[in-house]
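A, B, C and D label the chains in the order they appear, each numbered from 1.
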Amino acid sequence: MFNVQSVRDDFPILSTLMNDKPLIYLDNAATSQKPLTVIKAVEDFYKTSNSNIHRGVFRLSELATARYEATRKQFSEFISAEKDSEIIFVKGVTEAINLIASGFAQTIIKEGDEILISGMEHHANIVPWQIACEQTGAILKVIPVLDDGSLDLLAFEALLSEKTKLLSIVHISNSLGTINPIKLMIDKAHALDVPVLVDGAQSAPHMEVDVRDLDCDFYVFSGHKLFAPTGVGVLYGKEKWLEQLPPYQSGGDMIEKVDFDGTTFKGIPGKFEAGTPNIAGVIGLSEAIQYLQKLDRAKAMAHEISLLDQATEGLSKIDGLRLIGTAKDKASIISFVFDAIHAHDVGTFLDAAGIAIRTGHHCTMPLLKSFNVPATARASFAFYNNSNDVDCLVESLKKMKSFFL
Amino acid sequence: MSEGNLQDLYQSILIQHSKSPLHYGKLEVFTHFSEGYNPLCGDAISVYLSVKQGTIEKASFESASCAICTASASILLKAIEGTKKESFTSIQNEFSQILEDGSKGQTDTLSPDVLAFQGIKQFPSRRNCALLPWTTLKEALDSGIKD
Amino acid sequence: MFNVQSVRDDFPILSTLMNDKPLIYLDNAATSQKPLTVIKAVEDFYKTSNSNIHRGVFRLSELATARYEATRKQFSEFISAEKDSEIIFVKGVTEAINLIASGFAQTIIKEGDEILISGMEHHANIVPWQIACEQTGAILKVIPVLDDGSLDLLAFEALLSEKTKLLSIVHISNSLGTINPIKLMIDKAHALDVPVLVDGAQSAPHMEVDVRDLDCDFYVFSGHKLFAPTGVGVLYGKEKWLEQLPPYQSGGDMIEKVDFDGTTFKGIPGKFEAGTPNIAGVIGLSEAIQYLQKLDRAKAMAHEISLLDQATEGLSKIDGLRLIGTAKDKASIISFVFDAIHAHDVGTFLDAAGIAIRTGHHCTMPLLKSFNVPATARASFAFYNNSNDVDCLVESLKKMKSFFL
Amino acid sequence: MSEGNLQDLYQSILIQHSKSPLHYGKLEVFTHFSEGYNPLCGDAISVYLSVKQGTIEKASFESASCAICTASASILLKAIEGTKKESFTSIQNEFSQILEDGSKGQTDTLSPDVLAFQGIKQFPSRRNCALLPWTTLKEALDSGIKD
């Protein structure tokens, strides 16, 4: 069995109050909480080791550089990348996708080409492609979402063609919890030589990721959802792709030589890491990965699924509540609406009970439009949530009904 | 904050307005129209006005919105119907005052129901819900079909 | 008098050891150390208040959003901006300049136009313009640097013309310490309607910045050099310019509405802040500004200048040492070379004595080329350095000579 | 670390090589050439080789570089002159070994002077200084003018 209490003790915020009630944090899909080891690592870095990297010959700087580069290696192992240089540190998933979209627009996509995404993408995996298409004259194609919140795989196959220059697809929907069959989709795409970018914002926190097994061409992460600090993320890309793409931002640290007559760039990963990075963020990320590696992740996942099952059952019994997203394969994210109570009011009511959930479009407006709802209430569970959290959610929603109706 | 404050926010008068909003529906004939949207929560509202010689003769709205927004629209459109276009600014100031400092001040033009919005001060993220109908109506007046 | 000891006590790292010697940190131009209040603010945020912003209706998220937006206001006041919405949070100066360069390349610069920079720019203020020029067919013009490390202002006036679409200039040179007469330069540029971007990476830590008084069009900062966390920075831009520039990165939080038929963006500042920002970084920045505001900055600056004078005098007496950068108006940054000892060996020797300086090209290769040196050793002082630090530097350099020669 | 370790790094033999490097200068006639650059510290080096029938008959370098890099070049070029092109790899491995683990192992081809590089292990940021002449020479051999 997964010892959830011992895990909870690692996360200081879980023993605080919100609105005078013990905090029940169910907004993990927006951002995760941080274990004490991560918080301490950042604190210690600033107290004892803070220095810029890659440039100093003094001990502090050497150590900071070594830790920064060791995190690259560690993350590379964490997701089974082939080479450490395939790991690029970025600000988060949004920056990662912008980097790739901008590179594709500059060097790969031509007029008439197609980019394939799905109807359940986060805005971060829609808007950069709209812009890339606008700049190049390419066409954005969208895989439809079925009523249960799974992808229409037949339509997917029909949409995939030799015109497709990239399939960019979310691994786990942040609004619905749907786990997409990306391995299968990658295989189909590769059969037509179409590279695949996987938006892993929601998957890395919930499951083990093996990019070599998936054989995806890009995989992107946000640290803040992965129990690490804000402002840091990771772009994984296969070497052959990273080498093809032009630099994104330019400036210090990503160059080999600057001259007013011309500038030469570093190879990967350096060419994509311009300027002083979020060094403390990377060091926090390193601790977060270590924390995850010490967990029994299989048990943690099983625990999350048991929370999801408990919530699904509890919520299904509430009259007037409708679940949005009921695909067979789901992670511990659950969206719902009430016939007669707006999601926003649901959020405020739960807030008063100390329960933090998200309400709104979750940066997936087109998806919500296809479900014909303006907003949902969404509870998302991490491995540190427990069945009491779910009970409180269900009980509060029942109370809420009598409050509003 | 507690369920006590929650009752401050969702005063029964407000809940009532949200369940049975006044002036709900689309005008068959209107001279001014605007749509408002709050991306944070997904509130969406359409405001319809029929303005003749500077007087708002008819006003209605349709919305997919939370209780706060719906009640706010209900109270606003009731208050605005029959008034001069120009008086909107002073009504709007009155309302802002109530949101801002929960002032128990006079309500000159607005129905006393509007005092139900005093509780919102404790819920900053809900301020925009209450304001959406107001900004939308303002837009309708400014940029709608001219009368 | 400036009480440097009491200030030193605020910075935990200053009482640590490096190579078994008390740390003497003279690499402040690369990155600054952080006061305990900044470290604590980040720690407390993660322990008690961590949440995503702009999206949640629950209390935690409201508070985080309020603090994030309050920092915008605070920073706006700190630099006397006209409007809070003129403050954009970015990763640092590198990202800020890339954002502006990319926007100018897309909407303002045309073939044959000119961008004017100087010969003492950091690579972050060179390479993005080289790329923008390459993309548009514009021409990069460079104000020459005189032998003392000041700008050739006559040449500047000659280079400025109605073809110039932007003057982008460093306020204080990170390699030489030269303080450029930017107010005068801005006046000259504005007389020809040329907007001015000021790279303030090195100025904000050393002096008070008043963007309204300067009347600059853009001013950019890196938090990590301003006693704040890594991975956060600020782009100030006049409203009229920010409104003209297109969004940079796209994704969540910067949109009004996303639809597969078309997307509308938020106004400023939102349109430039895509994705989850470095929330904890911004909160740390807020504390750093508060810390600075509590200092008597005039006294702190006078103290820094006394350190610079002491160092200049001490170093000048060492045979075989040559100062690089001897402009009249200088901040507390001092670069030097030895005839017979390479900067890199200088750095290693000082390191063993617990003294952290930078050696190399300091991301200003073209500048060093113009001085005909491959690298310099650079000591840069913050207000928390003291005269003992300078003494140790000078004494160690003397010892070094007998070690190597 | 202390000044003791500093002496490990800057052994007197190494200082000597750096002050009076062997094989310094440009060959008048050369078949292979390459330039190397270390952006971290600004070390720059040019390597000149004259290769005939697979044998490196002459080797020299010019540089603006730190003591470690200069000494490394001096020792390398002395060792390489007169050897077969193919033997470079084994010499290079030998050198890497010394940097890596400070091994006191045999030096088969290299002069015993090279053992002065054992101290570098404690100074990871200086490793590249020692390696630059080696990678540059390798490049010269690989991509230089063919003999």
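The working rule: a residue touches a chain if its C-beta (ideal position, glycine included) is under 8 Å from a C-beta of that chain, and two chains touch if they have at least 3 such contacts.
This one's a predicted model, so the numbers in the text were calculated from it and none came from an experiment.
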Self-check item: Chain whose mean Cα position lies farthest from chain A
Solution: D
Quiz prompt | Inter-centroid spacing, chain C versus chain A (mean Cα positions, whole Å) | solution = 31
Self-check item: Interchain centroid distance [CA atoms averaged], chain B/chain D, Å
Solution: 79
Quiz item: If you average the CA atoms of chain B and of chain C, how many Å lie between those two points?
Solution: 47
Quiz item: Which residue numbers or ranges of chain B touch two or more of the other chains?
Solution: 1, 39-41, 123, 126
Self-check item: In chain C, residues with contacts to at least two other chains
Solution: 19, 55-57, 59, 61, 255, 257, 344, 347-348, 351, 359-360
Quiz item: Quick one: do these chains touch in a line, a ring, a star, all-to-all (complete), or other?
Solution: other
Quiz item: Okay, what are all the chain pairs that touch?
Solution: A-B, A-C, A-D, B-C, C-D
Practice problem: Provide the residue numbers of chain C that touch chain A in the complex, in ascending order. | Solution: 12-13, 16, 18-19, 23, 25, 27, 30-31, 33-34, 38-39, 42-43, 46-52, 55-61, 91-95, 97-98, 122-128, 130-131, 140, 142, 222, 224, 229-232, 249-253, 255, 257-260, 262-263, 274-281, 344, 347-348, 350-351, 355-360, 363, 365-366, 369
Self-check item: Residues of chain D touching chain C in the complex
Solution: 1-3, 5-6, 9-10, 15, 39-44, 64-68, 123, 126, 129
Exercise. Mind listing the chain C positions that touch chain D in their complex?
Key: 19-20, 341-345, 347-349, 351-353, 359-361, 368, 374-375, 403-404
Quiz item: Tell me, which parts of chain D touch chain A in their complex?
Solution: 1, 37, 39-41, 124-126
Quiz item: What residues on chain C touch chain B, complex-wise?
Solution: 54-57, 59, 61-62, 65-66, 255-257
